[in-house]
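Chains here go by letter, A, B, C and D, matching the order in which they are written, and residues are numbered from 1 within each.
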Amino acid sequence: MHKVEVYRLPMGSPDDLSALEALLDNGTIDARDIIAVLCKNEGNGCVNDFTRGFTTLAVKVLLSERLGISRDEVANRVALVMSGGTEGVMTPHMNVFVRKQVADRGGIPAGEKRLAAGIAFTRDFKPEELGRMAQVREVARAVREAMAEAGISDPADVHFVQIKCPLLTADRIEDALRRGETVAVNDTYKSMGYSRGASALGVAVALGEIPESAVSDEKICSDWSLYSTVASTSAGVELQKCEIIVMGNSSEAASDLVIGHDVMRDPIDMQAVLRAMKAAGLRFDVLPGEGELDRIVNVLAKAEAPSTGQVRGRRNTMLDDSDINHTRSARAVVNAVIAAVTGDPMVYVSGGAEHQGPDGGGPVAVIARAD
Amino acid sequence: MHKVEVYRLPMGSPDDLSALEALLDNGTIDARDIIAVLCKNEGNGCVNDFTRGFTTLAVKVLLSERLGISRDEVANRVALVMSGGTEGVMTPHMNVFVRKQVADRGGIPAGEKRLAAGIAFTRDFKPEELGRMAQVREVARAVREAMAEAGISDPADVHFVQIKCPLLTADRIEDALRRGETVAVNDTYKSMGYSRGASALGVAVALGEIPESAVSDEKICSDWSLYSTVASTSAGVELQKCEIIVMGNSSEAASDLVIGHDVMRDPIDMQAVLRAMKAAGLRFDVLPGEGELDRIVNVLAKAEAPSTGQVRGRRNTMLDDSDINHTRSARAVVNAVIAAVTGDPMVYVSGGAEHQGPDGGGPVAVIARAD
Amino acid sequence: MHKVEVYRLPMGSPDDLSALEALLDNGTIDARDIIAVLCKNEGNGCVNDFTRGFTTLAVKVLLSERLGISRDEVANRVALVMSGGTEGVMTPHMNVFVRKQVADRGGIPAGEKRLAAGIAFTRDFKPEELGRMAQVREVARAVREAMAEAGISDPADVHFVQIKCPLLTADRIEDALRRGETVAVNDTYKSMGYSRGASALGVAVALGEIPESAVSDEKICSDWSLYSTVASTSAGVELQKCEIIVMGNSSEAASDLVIGHDVMRDPIDMQAVLRAMKAAGLRFDVLPGEGELDRIVNVLAKAEAPSTGQVRGRRNTMLDDSDINHTRSARAVVNAVIAAVTGDPMVYVSGGAEHQGPDGGGPVAVIARAD
Amino acid sequence: MHKVEVYRLPMGSPDDLSALEALLDNGTIDARDIIAVLCKNEGNGCVNDFTRGFTTLAVKVLLSERLGISRDEVANRVALVMSGGTEGVMTPHMNVFVRKQVADRGGIPAGEKRLAAGIAFTRDFKPEELGRMAQVREVARAVREAMAEAGISDPADVHFVQIKCPLLTADRIEDALRRGETVAVNDTYKSMGYSRGASALGVAVALGEIPESAVSDEKICSDWSLYSTVASTSAGVELQKCEIIVMGNSSEAASDLVIGHDVMRDPIDMQAVLRAMKAAGLRFDVLPGEGELDRIVNVLAKAEAPSTGQVRGRRNTMLDDSDINHTRSARAVVNAVIAAVTGDPMVYVSGGAEHQGPDGGGPVAVIARAD
């Protein structure tokens, strides 16, 4: 029987692990129980964001020393998912997922579902598979594996699936072409979107949100009516496979926490944030009070500039701004909307929401202490 | 007896005056009644933001042709205040202030205060006066002049004072030094802050928020405990004097509109936005419904990154981000918070709030139709 | 018989036409003789660069008042080509092309070729024509028309062809789709490249650099082995047709100036700059001395980040930098290389060189006083 | 007797040490001989450039494993100097300085001076000392120590002094104020300039370029007529002391390399680059040929936007560009000018040249193989 704990820890810089070290030092966290580290890094979240790799190296060095294993072994044991971009008032931070074996559920009433989490890795992808059905199917398989590991059987109990996925580099594209293969897209930056999109559709297929037959190579990054309401995917150059963290609720879990989610239809959809809070068990009528807000461990959301260049029929300049990448603007906005409700800017908002919620919107999940 | 109307018009580009032209063509607006044009322009809002000058030229050309006067005469007759920066989901737009002479107040109950507006210009400032008490005093004088023109006698009835003020250029600094004078600050970019700050303190003095004796050259841009709760100032290279728009309520006004304000204590202070709505007459308990929101003509706010690098005790990276100017981030955040409540991203948020509300916060005003 | 003069005038801001006004006031330039204004504007040179439109409006207002014609008539009479981006040490400036009717060639030896210039406009393009053969063919036709107007019959005498061309907007794309047509590319930003590329190939076809049969829709922005060595094209949202300025030498021209060109193979190809100087008649062995440099009126060049991410086998980060658009970096580099030779940063470098010279390189032309 | 070798190694990313690892693996470099690593990192070179820390961590991890010592011990033994910003065509790379004990000078003629290098560290600075005479004096002391370690006695033989120095953070400023002290400047970003400036003046004092009596707290970052012609300093948040690398020539050194330098008067001063090449022993008349260029190991230069906003009397927009920090533009330009001559963009250009050469210019040094 598992008990999942989530520690949200502020970071003073990409290599500031002092909060985590303190918890390891004082015994609050046993390094062997860490299954995943999900960071909001202060880089630009785009191609040349090296804060992700910096934090990854720092975490690997720390955990390899604490666990007495190599840095490679750390990477095979713990899902390390770094998401760049803390625009606006967003606070750089890490979420450490800890899973302990416990004997029983303590006083938790039977049948009451609590937070469960599982991780899984896909096999390495060939460049010609990225952004295509091969990736969709393999991600779907691994999501189901992570669900099983988490002890979640009903797809409706899955509320957030965070995936870190590969992208195409010039080298990888050349490798495919040399072998007579083609790639989904020839542009390195665009391949991030295709990989995120295929991963998200893999989640949708695994959870039955979309039948596999409805997806095809052609529809990836093209038919935006197909999407998952719980997928959150981000691409990085540092891996060739996908790393998957499934979060949901289970009547087998012994956690003190619960997760719930909803879908923002656009970047200022405050009502979706409020519904997600209620889904995680917060009690309030119109806006939650301080006591209820104190139960929140974190809010996790995806942000995206609508492809229409408009929100609620009003023009914005996010897609036309050649000085600031639109993903940066979208993160600032969604974080501000959530922080306006929670009163806390240290919430997790990630950009680039291909097939993750409707165009311009995205999933929003709340992890909270059960009352 | 005056009736003030405010037209909020979307702009497709800095020179897109098509919405205004349509209202002039169909007679809704008589060009002779326009007293001020307040724009939210889609440039970066910083030093090299030429969208402000572009719109200014376009408006001057249009009004000079409609009024049969020179472009210089337009500038002497109409306050043209351009504020750059529509980050996040903010919609580029203009606010056209129209003031008509009317015979009576129609059915407005006696004693009920309605929107009044007045404009005034200071004399040209010498470079050595900028950012110092000379500017504070002259702005205070002109604010009182604009109040009188608006028919507002009680300072408590003033709810927003928008000022466009000059800055120091290399040429102007050199001119002062050549004459044996000193300047408040040697840095062109920083002089924008000093001019905004001195202008804001001039408003505070005019309205009795601060006694003139409490202000001194040394305290400008240094003692942040001194501030106005209704000033909104922006600096531009294109003028040597200040242009002032005073907005308030008056029992002499015959307008259908009312204005109210409050003060945001930080960029995510949604409660201040809600209080400003109530101050403008909107009726609701926790959050306003659609019917009440429909009464809003515009929300006007100032945004600023707190100098502490923190919001609600949480670190952010706005001041350390060398890729995006912090004023751009702050505008995106405050606009998102307001839009989350109003459901409309076409609201006016301006950056750089020296002595305009507390550190990291700023005034927020709501103009709404009376019910 | 024509005499062409080129005035290179510094600009203090996008609407600073003071240098031109002075020349009009003192009679050096007769407004009726102006055939083209080619500006290097200080915006970002990307999608949201409004300095181009700002200068265009300012020039139209000035010339309409000086010529006593409408602003639209100015646009039909004078080619107004604005190119954004003055990165690094590049100086914002304008080049005013003046063409006068003269009786004879003065003392110019018969057969000696001198600067000739002609302008032409294509018809308006439908959205479905942009970036396709229809644009290539119509541009080729108009280039030949401009050559004829310039009095140049031999394509080898053409040394620089500057074109301003349209782009696809969301509205124009929708218009095409509604009529059952397709467009070359669905992305607004990318359409700038397709329009620049098709325009450049139109020049190549007109001048016989490439047979028309070698070009097809598929090869535009795809087969980079096809290019013109004299085309310089830039896209802007403000027009639906192409505006073309042809510069070359003619034995019929009575100008004091000569033009020559060469092709930079990469952004640091200083030798190509030196060869272009020699082609324009400068006399020197390895590097030109001050006396020869004084004969230069302007250097015009195209800049581009190589698609390989490398220059001379060395990696650079221009294409991976998500904070600075690569066209901005490329302009800074090429301008610096030219300025290092000329000792003058006020030279014209434009970005985005699709089918204008080889991948990563581009044409460079020198206009100089004949000795 | 010392032999100094310099390995210039390309980096594919901030943590790409593969080229160094290969040289360690094949025995070309013995890790125990490494005295300094000087990197050109691909971050923005400004406040939030974490590529510097990323490379530092990666180098520490590698060398601690190769040397069997802790990461802290690596930092005490090897000068690790990271300089951010590879704008334009500049190639991210590292320079590894190796110093071996050798028995004799081989066939080097007596009296012929060859490359010598030494490192030294200052004591930790208190915040109130930064940017003031205390820093100037302690840096001067440490520079003399590094000269002695390098075996250089004549200051005229010193050709480049690279220093990494601390900066003020909010915490450090507060610490000083709490103890009743003042700081040179209250602004974190500006403190970088003060620390760089004081370090450079320390070099100038140590080398007798300026008498110590000519420098005072007031003149630091104020009197630009005071400067060193060989100092290159950069500030970083990760240290409290200065790390110093002195490079020069010595008749006691057994190296195959020689160093020479000159001073660029502005960012396009190609002639200074050529003079520095000659100073390093390259033989050519006007421009060096390929054979001579092949002898160059690296070119090291400082770049800066002139405070006048002009180069050779021509305006540029570097200081007014609120989208791109001016240090980024200046690096792109100086790198391009050097690369245009060397034909190799992998040269070291660092920004922020306070008291390092004249306003807008800076030192340029060439390390070359002796012929």
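Brief remarks follow.
FYI, a contact is a pair of C-beta atoms (placed from the backbone, for glycine too) under 8 Å apart; a residue touches a chain by one contact, two chains touch by 3 or more.
Source: prediction; values computed, not measured.
Between the contact lists of chain A and chain C, the overlap consists of B, D.
Distance from the centre of chain A peaks at C, each centre being the average of the chain's Cα atoms.
Between chain C and chain D, the centres computed from C-alpha atoms are 40 Å apart. Averaging C-alpha coordinates per chain places the centre of chain B 47 Å away from that of chain D. Residue positions 42, 44, 48, 317, 323 of chain D each touch two or more of the other chains. Listing the residues of chain A that touch chain D in their complex gives 13-15, 42-43, 48, 50-51, 53-54, 57-58, 61, 323.
Only residues 10, 12, 42, 44, 86-92, 267-268, 270, 285-287, 311-312, 314-318, 323-324, 328-330, 332-337, 339-341, 343-346 of chain A touch chain B when the two sit together in their complex. Within the complex formed with chain D, the chain B residues making contact are 44, 46-49, 170, 188, 309, 317, 320-323, 325.
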